[in-house]
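Pasting in a structure now, in structure tokens, and then I'll have a few things to ask.
Chain nomenclature is as follows: A, B, C, D and E, assigned in order of appearance, with residue numbering initiated at 1 for each chain independently.
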């Protein structure tokens, strides 16, 4: 198991967002986290990425407890994420956005950058080349010098994933990646994720409402409902599960 | 001795509170540190002075003149200098506020001179009352009473009228307020008017207690009142009053018992501010405006 | 394409240095002392503005403390530069601590130590300061700047209190101020165009996203803060050695406001803008002195109105913000404009 | 009710909406569908004059050109914004009061009607609106807009970020409103759900209308199925 | 060397020409900013003195070139440099506060341009400087005047001193008073620190009341002192109170109202009893122009800074020779100024008498003259 959530509880003030939840993600798996709004999915993401510390329980990544670590340390351990509402660096070019992912991988110091030491130049060249490769992979290299915010929504989503991949993660967390996309875009995105899983050796954990997308993509899903787990298993089984239908899907979907 | 200092602190704190309310309300709707607010208070003091010394008005009429004049000035400053910048970066708005502040200070300096003018205080406000060993002038007692009265009005407006609800709604979302069929700009201008009217009352109190007016009188008071608003929790009217009282008390009481710290008096507001923000980054009663949701 | 751009930027940098050096030489030999003094002021304020812009504009941490750091640099440099003899008769309020009298160093060491002290203070302050964000940060740093001034007033054993330090040897001249300004500008540009600068900009654009990319945002902010403090300290030392006398009232928040106006007018986040802003504000406020004097308007002679200059200055400030809210440069640099031209030419 | 001719919307140099025409008749539900960035929200903002635009918009026979957003709202053009945008620091009831800002005399009556329509928000009337769940917030947002007694109710992505079950509930409410006689302009990227309840639909792509017609027919259309329904 | 030769030739050329010239005298003052009040007052005197005596003996006209400094050091430096290098002034009057004046003097010293400070009283100001002069007395003199008067004439034994930490003037004066008072056998029972700009001194006056001294010494400017006096009266503290010349103006009495009745302070002169003929004429002319009899001593000192400058220029063969003017200033003997008779010595400090005034019926009334 690459990621193990062990009996995690999170309280905000008096409200319990997540209650004694446990699940595990196997290497190279695409794992879906679904459930109604406010069910604690994004909270779970924030716990894994270190933005929140769990009130109790442990987050174990590659056999190491990572809860309590600072978010930027967790990224360095190999967990990257995207955001529900795309959050690119607005004033920066597409290339610079991806280069940020290499921030902790560029091996030169502050003084070296001020004095423009040779190592600065070789390292900058190296990470720029790597960034262009990643952009190329997503077919975005021709936009490298455009401002990220000038791109279309779908392109921005790709840049965001490219940026996350630049941190060289083993586990990629995607927060509603298909939100705001039409079905054909969604399908394309699904293909990219599947392909990237192989090419970048990834494990993917994603939150999504689009059940079709989840069905197409995920190996396994976990359905959360206001802090507690109501289902864990194959996505095809989830949409048949009466409890999932009652709490989450409703009957509208089945028409 | 201690009680005397408490009364003194309460009186000074009330004046900070009056000015802090204006800061906190404007911050609430625009996220703007209105650096010109202290200068609006100065204008209030000057208008009171002109009313009494030049126009020969009775004190009450002069106060009314100051309140109306300052409110109009505050609304005009919003209309002319801030409204065109509603969609601009916050920093442009802030620099504009500094510009308005500089303008008021310098214009008053050029046209009315920098020499402090003695403020003609009505004799009945200067009478000294002796109450259970505490001595204080009528004005010092009047300040907290009127502050409390004005605070009650402000709270009533904010929580019981639809305009107040709109002001509170603005604090979270300007665009959506327009969707309610409300002219958000008018509400914001109204907030400037209310805050400026309070500042004018603060300015008159200031001028009565320390009977003089001069163009730079609002600078330090303004900054301290802003610090008070932040200590109390910016965006919260109750917080502004609380913050004003805390800083007023600290300045008076600390000096009274640790006179050797006198040289640091002006720094208290800021030391307090830093300490509070370290432990409660949104101030005592504050709401987290900067909160980012993941 | 990439390499070509790097080369082009290097060329721009080199020509910038050469032109500036030539200008300094020319100014020093041809201009009168008043103009040279204004140029000295401009050079020092370029150092201050460019470094202040690093934390305020590039990193987006709206802070208001430069008056404090400039004061630290100025006092440290002044204490080291004033000869022990001159110190003997200066302390009028209380006798100085004995160690104060023994301090002495040459100009370069004094400037570096001034900068270092400011940077160290910044490093210490960054722990409390960066616990808060946005406007809270602004008001906390405003408080720190204010407290430093109050400390200078209240520790006459070191600072000679409100009387300040006098008879500082006049080391600063255009070669020093201009030379250090060049160093400051290039250093800041080099930082901006490195992973550190990218991290700073990422913090400005979206701090949470930056964290999610593995950026240690606290480190990015602290680096910007300390670098900015270092150059503000050095600038303070230069200012002390230019004025030859310093006192606490020089370092009140109007000093900070002036810098803030400079960098916003120039275009927040743009180093080129900070330089342009400095020239506009520092040069402009001297040029506008004619407004204080009697004027002939439409055949009438108006009386002299000392202070009118500041009234007009504040009005101009408001107008610029209303009609050019991004400042002169926006976030762009000179190189961006040249690039854009090239694109347009295609 | 409202007709739009040759509408263009600009953000600086970028043209977000490139000359579209559409019409909503009284009593209809009309959908604008399309993916993110197609120009749907820009169109709604243009109808309310809160973005820079060129074009003729005729609402109830009046040219809306010289009106501000808030006056248009007062005249019966109401929008439930994307992301709900309820005032989270006001109570539920205060939110409703805001909706009836210019409607003092009918406020109490309308409020009680809303409570009948949405019993769930009645239970929480004195709570801060921010404490409600996403679905409840959407219902509050809709009822808040209804407090202004709109002639045309515009909904911007009411299904966004909601669980499938809640999406179903929201769309049921929309149908009920139509039955009450309210004209509705619905903007959605959840094309399937939108088409199912609409009378008419327009498909937006890159700022242009690429297709329009009777909603029922469009569900069956092959291109639509392929592109927007994922069939 | 070259410069000197150039100067010599230009002097020769100018001396031979009989056409009356305009000679620039620079004034650097805080006309805006936080110190504007004082700068505007002092400049009023300078300007008025210039209007009364715009010409030198030889018929040349003295032109004032005023540069506002906003009370800022950087601008003071700019102003001094500009006056010397662009406006070619022969002498400078200004600045206002001791720190800014030190700034102006430091620059003028290098260019050998004499500076006359109208109101900067700090002892250290003229030390180690050749071209620094002043027409006001020093802090140490003034402090001693009050201390001696209080101990010898009024037989007061204990005092509380309230000092404004932020004002050089206040610190210098407090120190001088403390030294002289202790030397004369008195005792300082408490020293309280305040900051300029403060308005609220309730805590301060309560402490003073508790310390129960024979007298209070408040070496500050009138805005703060009037506040303290008022708040002292409110709590029933009625001890003799003294200040220096910082309160020597009508505004102080206006601000203080009833509370400053009986208040004593040192001043340079008494407009009610003009010490010299020039003083009489000046006051009469001033009253005619402004309608005000009362005159702030800052006005008188501003006027005297100008008068001494003109007097020194008149005593030089070439009124544009700055070095000569400086020497002439430093040999000012028994000069009958607006503010009294004054002598300026080699150090640039002026030796002059002080008067002690007391506030009676909302007017400052002459009480005694103290000679050095």
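Here, a contact is a pair of C-beta atoms (placed from the backbone, for glycine too) under 8 Å apart; a residue touches a chain by one contact, two chains touch by 3 or more.
None of the values given here were measured: they were computed from a predicted structure.
Q: If you walk from chain to touching chain, how few steps can bring you from chain D to chain E?
A: The distance in steps between these two chains is 2.
Q: According to the touch definition, list the chains common to the neighbour sets of chain A and chain B.
A: A chain counts here if it touches both chain A and chain B, which gives C, D.
Q: Have a look at B-E versus A-D and report the one with more C-beta pairs in contact.
A: Counting C-beta pairs in contact, B-E comes out ahead.
Q: Which chain maximises the distance between its CA centroid and that of chain A?
A: It is E whose centre lies farthest from that of chain A.
Q: Farthest chain from chain D, comparing Cα centres?
A: E
Q: Distance-wise, how many Å sit between the C-alpha centres of chain C and chain D, to the nearest whole number?
A: Centres of chain C and chain D (C-alpha means) sit 51 Å apart.
Q: Just give me the whole-number Å value for how far the CA centre of chain B lies from that of chain C.
A: 31
Q: Whole-Å distance, chain A centre to chain E centre, using C-alpha means?
A: Taking the average C-alpha coordinate of chain A and of chain E, the gap between them is 73 Å.
Q: Once you find the CA centre of chain A and the CA centre of chain C, what distance in Å lies between them?
A: Distance between chain centres, rounded to whole Å: 42 Å.
Q: Which chain E residues sit where two or more other chains touch them?
A: 31-33, 36, 40, 165-166, 193, 195
Q: So which bits of chain A are touching at least two other chains?
A: Within chain A, residues 51, 83-84 contact more than one other chain.
Q: Mind pulling the chain B residues that touch 2 or more other chains?
A: 106, 109-110, 263, 266, 294
Q: Along chain D, where are the residues that touch chain A in the complex?
A: 14, 34-37, 133-135, 160-169, 171-172, 189, 191, 193, 196, 226-230
Q: Which chain D residues qualify as touching chain B in the complex?
A: 48, 50, 68-71, 73-74, 78-79, 81, 85, 87-90, 94, 97-99, 101-102, 104, 144-145, 148
Q: What part of chain E is in contact with chain C in the complex they form?
A: 29, 31-33, 36, 40, 43, 66-68, 70-74, 77-78, 81-82, 84-86, 98-99, 102-103, 106-107, 110, 122-124, 127-128, 165-168, 171-172, 175, 193, 195
Q: Under the definition above, what is the set of chain A residues touching chain C in their complex?
A: 49, 51, 70-72, 75-76, 80-81, 83, 87-92, 96, 99-104, 106, 108, 110, 113-116, 120, 124, 127-128, 163-164, 166-167
Q: Taking the touch rule as given, give the residues of chain C at its contact with chain A in the complex, in rising order.
A: Going by the criterion above, the answer is residues 2, 187, 190-191, 194-196, 198-199, 201-202, 204-206, 208-217, 223, 269, 331.
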